[in-house]
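As written, the chains take the letters A, B and C, and residue 1 is the first residue of each chain.
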Amino acid sequence: MKETRRWLGNTLPTIVFGALFLGLWEWVVRFFGLKPYFLTAPSAIWGQFTTNFSLIRGAATVSGTNALIGLLAGTVLGVAMSFVLSRFRFLNQLITPLAVALNAVPIFVLVAVLNNMYSITSEIPRRIMVALVVYFIVLVNVARGLTEVSPTHVELMRSYAASDVAILRKVRIPNAVPFLFVALKIAAPAAVITAFVSEYFGGSQNGLGSRISSNIANAKNAAAWAYVLAACLLGLLFYLFSAVMESLNRKGEAK
Amino acid sequence: MTAVSIRNANKIFNKGKANQVDALRDVSLDVEHGEFVSLIGPSGCGKSTLLRLIANLLEPTNGEVVVNDKPAAQARLDQDYGMAFQQAGLFEWRTVRKNIELPLELKGWDKPDRAVRANEMLELVQLREFGDHYPWQLSGGMQQRIAIARALAAHPPLLLMDEPFGALDEMTREYMQGELLRICAATGTTVVFVTHSIPEAVYLSNRVVVMSPRPGRITKTVDVPLGGERNEDTRNRTAFFEAITAVREGLRGMHAAHVGLGDDDR
Amino acid sequence: MFLAALVLVVVIWETYKALGPADGGKLLGVRILPRTSEYAMPHVWDMFSRFNRPEVRGSDRTVFDAVLAGAWYSFRLSATGFVMGGVVGVGLAVLMARFRLVQRGVLPYLVVSQTVPLIALAPLVVSWGGKLEVGPFVWPRWLSASLLGAFLSFFPIAVGTLRGLAAAPASSVELLQSYAASWTKTLFKLRFPTAVPYMVPAFRLGASSAVIGVVVAEISTGLRGGIGRLIIEYAREATGDPAKVYTAIFGAALLGLTMAGVVVAVDVFVMRNRPKESVS
């Protein structure tokens, strides 16, 4: 009973704020008679969302698939490369500063050239872009997990005359697993965002991003907002998925 | 006209709820000006709570706390005391000198006055050359000396200390005890000192107040007849050992009482 | 070390170009290998030499000038957005630190919004440009780009700053209470200085978010003058002039690195007297 009261105390303000915000938004649009091209009322957005749901779902599937494929590819490649980095320390020294610098750079602009490398209707440039972004995130984090192990553990294994492979299996990899999940929690939303942004560079126009632009170009702002909502839900879905994976992993650990 | 006067103070946390804690029950204590009084007791006996009542960081549930002949709240607003904790708690982004100046800044002193006083305090704790260093460049003992300098910067009549030497090693600890006595003798400050260590309490104090485990009460007060001048030899005197024994018995007595046979409610 | 990494990238690029199929190819049945013709993958040295030659046939301006001008324009937009986002973010963090209710109500949304592609709002925000009038003030299009940058940077800054403000150790808070210091005094003398190590990574993330916001805004509307538009334009001309688009990409990279560089410089200055431990 005490637990539920405390939980309510914590979540109620959140819900109230959210409801107030939506309510205020709706009221402002109606009261000031704001034109849709400035701000659309939440009710209108929801209406468009439900009306166009099948279209929206189609577009979301396209963007979502790009994000998912890129996420999987980037994760696999990132993990693989991180093993290489942990084995050859000098490579680690080489690549990590590069990855850190790349964090500051809007690398999604590379889609412009990727588009030129493939046919115009291909979704591959976007998937590669997502994979690239995810790759660096996963690489840096998992490499840290493989290399930043407790020196005491390594000493212990050496005292058992354990081979490097054994140390890898018994110490480094278990240490790196939480790092992988942390990376996924960052990479999953990043994958959606990248898949999204890539669509602004031309190429196939089937995804959410392109739909938003085209709806605005046709002055159908409410519809555009509905696609924005879909995009946010997609991003949230990816994040929740990775958060669930992380908590499943943690259930196995002693807490 | 006492420095501190506590009358029948109670402190209950979370009153009426399931996790209610009777931290202090019916505590009365008088501390004279210039006295050095230690509070000692097992964990959870409320000595830190009592100190915070004096500091007006907590309000008593019942009873009265008078500091410097004013209600504790007024004494805090008037800055009539300085406080030192187990963690020196110096601000790592300020130089040593600026750390000492902190209470003076808050009191609205202007720059030249602050500088003069800060130098004075640095002299007092014998760390004059370290004024422009940063806290993390100093050892634990040195940081505590700066914390004491900060606590005394505004020359308050009262010093409250919550296990300030607890994190130091034994030798540094003994050295710091000597330093503290020297500083207090030079400034004539009244001190209320919370500690876990019996020898420390006896070495430093005129009186040792023994407290019982929760709910905290004062069970015994031990006078320490070692006189004002204390030094290394003091630790070898018979009176020193006798006082330690007296305190230990006081602590053990209540310990036996609550661990003995027929103890149902623990 | 960093240069060595770049050299490695160049080597990989040129090796693939030399060895790969000219028309793209299949890997495991998937048409995944990029084309290596001159159009699709120019030589690295061509990219650099392109900088020096005129932007458009017959024009006086070299590509270098054009790219630099574009990058500078976008930099100013990003910086404006970053500053706006920073001010609002820190302000909101202080508000949340002061009023638990505000924190409980707003913080979850702030945290969630970092996982959501807010960038989807870009075309909407930019569409306000030129159409909106508030009295005599006509909404300039560039403001939308800055605003998007501000919007994206504000979230990590607010969250990180709040974490920092809340990180003051209890004993220090007690110390200031014992000095009868007001909440505002405690804010400036204790909470803000304690927050600085937490604000550093938050501001770095904010800076790169501002750049992303501005570049995306430029791209989704072709905002004249910015590096985003240059990239799109040059990409369209890639069949005739394959190396040009890469110059613009280098410009975008330069933009990102410069913003990051400014923030890092401020970081180093602000943390100069602190012990060398990091906060995560």
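Operating definition for what follows: a residue touches a chain if its C-beta (ideal position, glycine included) is under 8 Å from a C-beta of that chain, and two chains touch if they have at least 3 such contacts.
These figures come from a predicted structure and were not determined experimentally.
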item: Pairwise touch network: line, ring, star, complete, or other; value: line
item: More contacts between chains, A-C or B-C; value: A-C
item: Euclidean distance of C-alpha centroids - chain B vs chain C, Å; value: 52
item: Distance from chain C to chain A - Cα centre to Cα centre, in angstrom; value: 17
item: Touching two or more other chains - residue numbers and ranges from chain C; value: none
item: In the complex, chain A residues that touch chain C; value: 10, 13-14, 16-18, 37-38, 93-95, 97-98, 101, 103-110, 112-118, 122, 124, 188-189, 192-193, 196-197, 200-202, 208-209, 212-213, 216, 221, 224-225, 227-228, 231-232, 234-236, 238-239
item: Contact set on chain C toward chain B in their complex; value: 169, 171-172, 174-181, 185, 189-190, 193, 196, 273-275
item: Touching residues (chain side chain C, partner chain A) in the complex; value: 1-2, 4-6, 8-9, 24, 31-32, 34-35, 39-41, 101, 104-106, 108-109, 112, 114-124, 127-128, 131-132, 204, 207-208, 211-212, 215-216, 219-220, 228, 231-232, 234-235, 238, 242, 245-246, 248-249, 252-253, 255-257, 259-260
item: Complex contact set, residues of chain B against chain C; value: 55, 57, 76-77, 79, 81, 83, 85-87, 89, 91-95, 102-103, 105-107, 134, 136
